[in-house]
Amino acid sequence: MTDFDTTKIASDSGKVVVDPITSLIASDRKYDNGKSIDLSWVPSIDDRLVNGKVIGYKVYRIEDGGEPLMIAELAPGSNAYNDQSVERGKLYSYFVSALSSSAETPSTKTASIEPQREWLNFKLINVLVMALVLGGAIIYFIETARRGKKLFVRKIAGLEAVDDAIGRATEMGRPILFIPGILDMDDVQTLAALTILGRVARVIADYDTKIFMPVSRSLVMTAGREIIKASYQAAGRPDVYSDDMVTYITDEQFGYVAAVDGVMVREKPATCFLLGAFFAESLILAETGNSVGAIQIAGTARPAQLPFFIAACDFTLIGEELFAASAYLSGEPKQMGSLKGQDVGKAIAMIAILIGVLTVTISEAWNVGWIQSITTKLMEIFSTK
Amino acid sequence: MLDVTFGIPLVVLSDVGQAISLLLIGGGLLWIFIRSLKAKEVDRRVVFLFIFFAVAAPILFPITFQEKATPIVKKLFDKVESLPAGSKVLIAFDFDPAMAPEVQPMANAFTRHCLVKGYKVIFMSLWATGQALLTQTLERVVKGEFPEKQEGVDYINLGYKAGNEGVLNVIVTNFRMMFPTDVNGVPLDSTAVFDGIKSCGDLDLIISVGGGKPGIKEWVLFVGDRVNVPMGAGVAAVVAPQLYPYYPKQLLGLLGGVKGAAEYESELVKHYSRFEHTDTPGLRMMGPQTLAHVVIMAFIVIGNISYFIGRRRERRR
Amino acid sequence: MRRTTIIAMAVVLGLFILSWILRSASYVTVQEHYLIGGLKVTFSAFLTLAILSFLYKDNPFYKFAEHLFVGVSAAFWMSMGFWTTIVGNLVPRISQSLSEFFQVPYQPGSYNFVYFIPVILGIMLLMRLSRNRGWLARWPLAFIVGTTAGLNFVRYLRSDFMEQVSATFVPLFVDWKGVGYFISHFSLSASGQFVAIVANWVIFLGVICGIIYFFFSKEHKGVFGAASRVGIWVLMITFGASFGYTVMGRISLLVGRITFLFRDWLGWIS
Amino acid sequence: MKRQIPLIITFLIGTILIFSFFIPPMEKLEQTSTLFFDVIAVFAFFLGGGNLLRVHFNKLRRRKRDWGFSTVTLIGFFVTLAAGLFKIANPGGIAASPTTEGALLQEIFTYVLIPLQSTMYALLAFFVASASYRAFRAKNREATILLVAAFVILLGRTPFGMMLTGWMPDSLSVLQVPNLAIWVMNSPNLAGQRAIMIGIGLGVISMSLRLILGIERTYLGEEGA
């Protein structure tokens, strides 16, 4: 291979020659799949904000001892680069040249390096630990509950109303409308809505009320049919069930809304369940449902849509309550145990916030060293960037 | 469009239309208010009709409200107002067509203000799609309203450069490295605007108009915080709250959404009579917005009055 | 009654045909026939008004628009899904000849056989249409639910739990330079120290009380109950604020539609 | 067998994906599984389309209420499907994007779907108004707080906010309605949003765990075990 002839460039008179960068180090990016190498260096001494002569840097790579290849042009002031176009099993070395307006000064080459892959991402070890702690807490309490320990769960206002709302529809002889949001099965809110559907459908089957569930995803339709069918079977009346109870409308958000609005004004449901992931349509549905005099129980984990449900519906499950609902409705010990596990997470969050705020406050106002180190530790535990 | 309809000059027709629509909305609200005193609810269709009317009327007969600039806007306006003639101001068009209805009025207002004050203006964009919108402003505002201004002497268009914040990282120390020439290929050295400008540090004011990434935040981090140049910004309403923390230290002032644009435009019209008849899209869009907000607030108040009166009656029984 | 409905519908349709003629007469473009251009704009306006008419009450025009919307959008998403996912992502990985047919770059790879898995799962899903093989549809469902649960577990843990906790470490005394400084510089200025300090206190206490509201396994009584009540107040401020903040955007949408009617269709404004 | 296999699938996929997050060599799994989902979702479109056809043909055959409108749906469906799948009038031929300017699908999008979509969306303006009139009532303390917060923000977004309170000196400027609105957005609003998010995060974590462990299996049409 041919080295860059530094001497030649430097000896050319009349050109502005700048000092090279120094201390170039190439190191393997830790905890990745062996696809990136980090470079760092000390910028040229001619690289200054005022009267600086360096107008930029070029990064060159030599792959398996071949020809140097320019891989990046960087602005003055740069002192690091991350090369993400490397492969495992090859050797790479690098050099960086400093550019003046008329010349280029290369640095010395780095030693050859092969990108390595690691089997565990230690940068995310805090996430892993937190996952184990929370998962462990949830599983622990599920086990505790299974062994027969009674666990307390506070009232959730919207859910207390479910039975009444179904009873009302039965009395009035009008149907119940169940809308599981507009997202697909790949959203946890939809799954939460469907588990609530399971409990609701059980009651409906007992009461012999009509249920109608228009959906905007056919996977949700498939699951919805399974659930309602199973509920009717469990209630001992599989003959009443029909596939028409769950209908796919269209995947298009507002096309779905247009059709559901039509259903609402024509069928005049006595009760509407609006549970799942909702977007702008939340208020359109809730207001139309209200205009036909339906009792509405809504719930979503999308903070932006909660205000509209709170304003326009009779009961609203706020955020986490949607996920707690299925556990609460079933009353099964295992499900209750998982709620208790969630609360452990909340306790951890509160304690961490308390300590974090205290130490940040103290170190901001009075600058105490060891307290600052607590803050740093806490940030390391909870920050994942 | 005709200037005269049914023999009536359009200006008069518009005034009459404004008056009638305001009277209708006002009278209607009064009627509902009186009804609410009797604790009677109005049909929701009446509510619908009101909101339709409150939005449609100001579109047909443009109604503008006097906007009083909030401090955050006023400070930026005053800064632009107080620079000496010949100051060098950079205006960045960091937005795409989707955001344009909201933020381009701001960019136009800044441009008008700087040109009328006789500053030398540098235009550029970090968004590929921003360049077309920049051209629009140059054609309509700069060439259309200020035909006496010369490209290269009074203003210059650097156009778009790829590289996002990387571009900023370079121009903070050296313009010519990133932009050897302007968008038409004229070397910067041969333009009067760039006389004495090497880097962003030589500017007197930087204004970034945008709403995404790269945008105002990047300008603050990569330029504003590094060299001591005053910065102002115009942003889409959605991102405005995230930028308030930069005010007033890192950003002199901030225009948020249509309302910010309207406030700036109204200040401009107040100070310069030559802009009395220029289009003020910000103010124009605020017409329907304001009326609709007023109607909604009126409905909240009226709804509560009828609720309380109704409840009191029930208690008496 | 039936007769009046028909007459009303006829009148409306007549008006639209009239508007079509008028619109076409003033339509200037070289690209297409003026009657087509006029029809497009008039039809758009008709659909716009048909949807708006729902605000008054359900009616045949709304029903027409609604049913058209459902049919057109379902097919639209189907064809987009076919071209972008099946042709765009799947075909290049599983078949060279199909790739050539659809003119997409073939991407051979030794693990490409795994892309038959979703195809098989998809076909199992379609079994739903059959009466006695319907249970096979549970497999793709289980696959998707497993994917969802697995991906979301870590994602939410990281960004909705851990990141939110660490973002709440705010100092309760901003720019603290001692009590004397604080008192002598006391002001209610929006950019002043006191306001910034109160803001951080509210964030700190608001988050804590908000979390307490969501506590399920402890009865909300005593101090805990009081904190939970403060929590729900904070949530209510959040909801009120987001509601008020969103109004402007919603009005803009209506401005857009009315501008379309007045400008593009009726030509009342320029 | 019918019930066990789906549970095993959920468990295996769920656990593998959780671990792949921490194990760099498994990083491609996440993208692959997303692509799998996309492909299955397209089959779901076909399932949906099939169901749509069944519903509307049924309506037609049985002359159910509004059966006439079902023809509108069916015609719209078939015309659009043909336009999309065969790229009718697409100037770029088979290789071009299905929504190239001039293609029939693009025309349908611009002149049918856009007006329908955006008008449906614009209905929100009306419903925001009716909800404000009907629902924003100071029935109790919570409702009052909501109402006041909404009112402050609304006022701050109109010129009247500044007109009413603009006279206040800078030392009281936080009380100027526009500033107050910003403060509410940045402080109590932020706190509330964050508390909701932390709760949701935990809810999703526990829900996911229940699904993976097979404790929550309603979606398969079974009562929880």
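Odds and ends about this structure:
Every chain is named by a letter (A, B, C and D) in the order it is written, and numbering of its residues begins at 1.
As a convention for this text, a contact is a pair of C-beta atoms (placed from the backbone, for glycine too) under 8 Å apart; a residue touches a chain by one contact, two chains touch by 3 or more.
Keep in mind it's a predicted model, so treat the numbers as computed, not measured.
Using CA-based centroids throughout, the chain positioned farthest away from chain C is B.
By the count of C-beta pairs in contact, the leading chain pair is C-D.
Inter-chain centre distance (chain C to chain D, centres taken as mean C-alpha positions): 4 Å. Separating the CA-averaged centres of chain B and chain D is a span of 30 Å.
Distance between chain centres (mean CA atoms), chain A to chain B: 34 Å.
Chain contacts: chain C has residues 51, 54-55, 63, 65-66, 69-70, 72-74, 76-77, 125, 128, 138, 140-141, 144-145, 147-149, 152-154, 156-157, 159, 161, 165, 168, 190-191, 204, 207, 211, 214, 235-236, 238-240, 242-243, 246-248, 251, 254 touching two or more partner chains.
Across the assembly, chain B contributes residues 44, 48, 51-52, 55, 71, 259, 289, 292-293, 296 that each touch 2 or more other chains.
Annotation for chain A: residues 127, 131, 134, 184-186, 188, 191, 219, 222-223, 226, 249-252, 254-255, 258, 266, 303, 306-308, 310-311, 318-320, 324, 339, 342, 345-346, 349 touch two or more other chains. Taken in their complex, chain A has these residues touching chain D: 31-34, 117-121, 124-125, 127-128, 131, 134-135, 138-139, 142, 184-186, 188, 191-192, 194-195, 197-198, 217-219, 221-223, 225-227, 229-230, 234, 244, 247-255, 257-258, 266, 280, 283-284, 286-288, 290, 301, 303, 306-308, 310-312, 318-320, 322-324, 326, 330, 332, 334-335, 338-339, 341-342, 345-346, 349.
Interface residues of chain B, counted against chain D in their complex, comprise 42, 44, 47-48, 50-52, 55, 65-72, 241, 244-245, 259, 262, 286, 289-290, 292-297, 299-300, 302-304, 307-308.
Here chain A touches chain C in the complex through residues 126-127, 130-131, 134, 151-154, 156, 184-188, 191, 219, 222-223, 226, 249-252, 254-255, 258-259, 261-262, 265-266, 303-304, 306-308, 310-311, 318-321, 324, 328, 339-340, 342-343, 345-346, 349-350, 352-354, 356-357, 359-361, 364-366, 375, 378-379, 382-385, going by the rule given at the top.
Of all residues in chain C, those touching chain B in their complex are 55-56, 190-191, 247-249, 251-252, 254-255, 258-259, 262, 267-270. Of all residues in chain D, those touching chain B in their complex are 125-126, 128-130, 132-134, 136-139, 147, 150-151, 154-155, 157-160, 162-163, 166, 170, 173, 176, 178-179, 182, 185-186.
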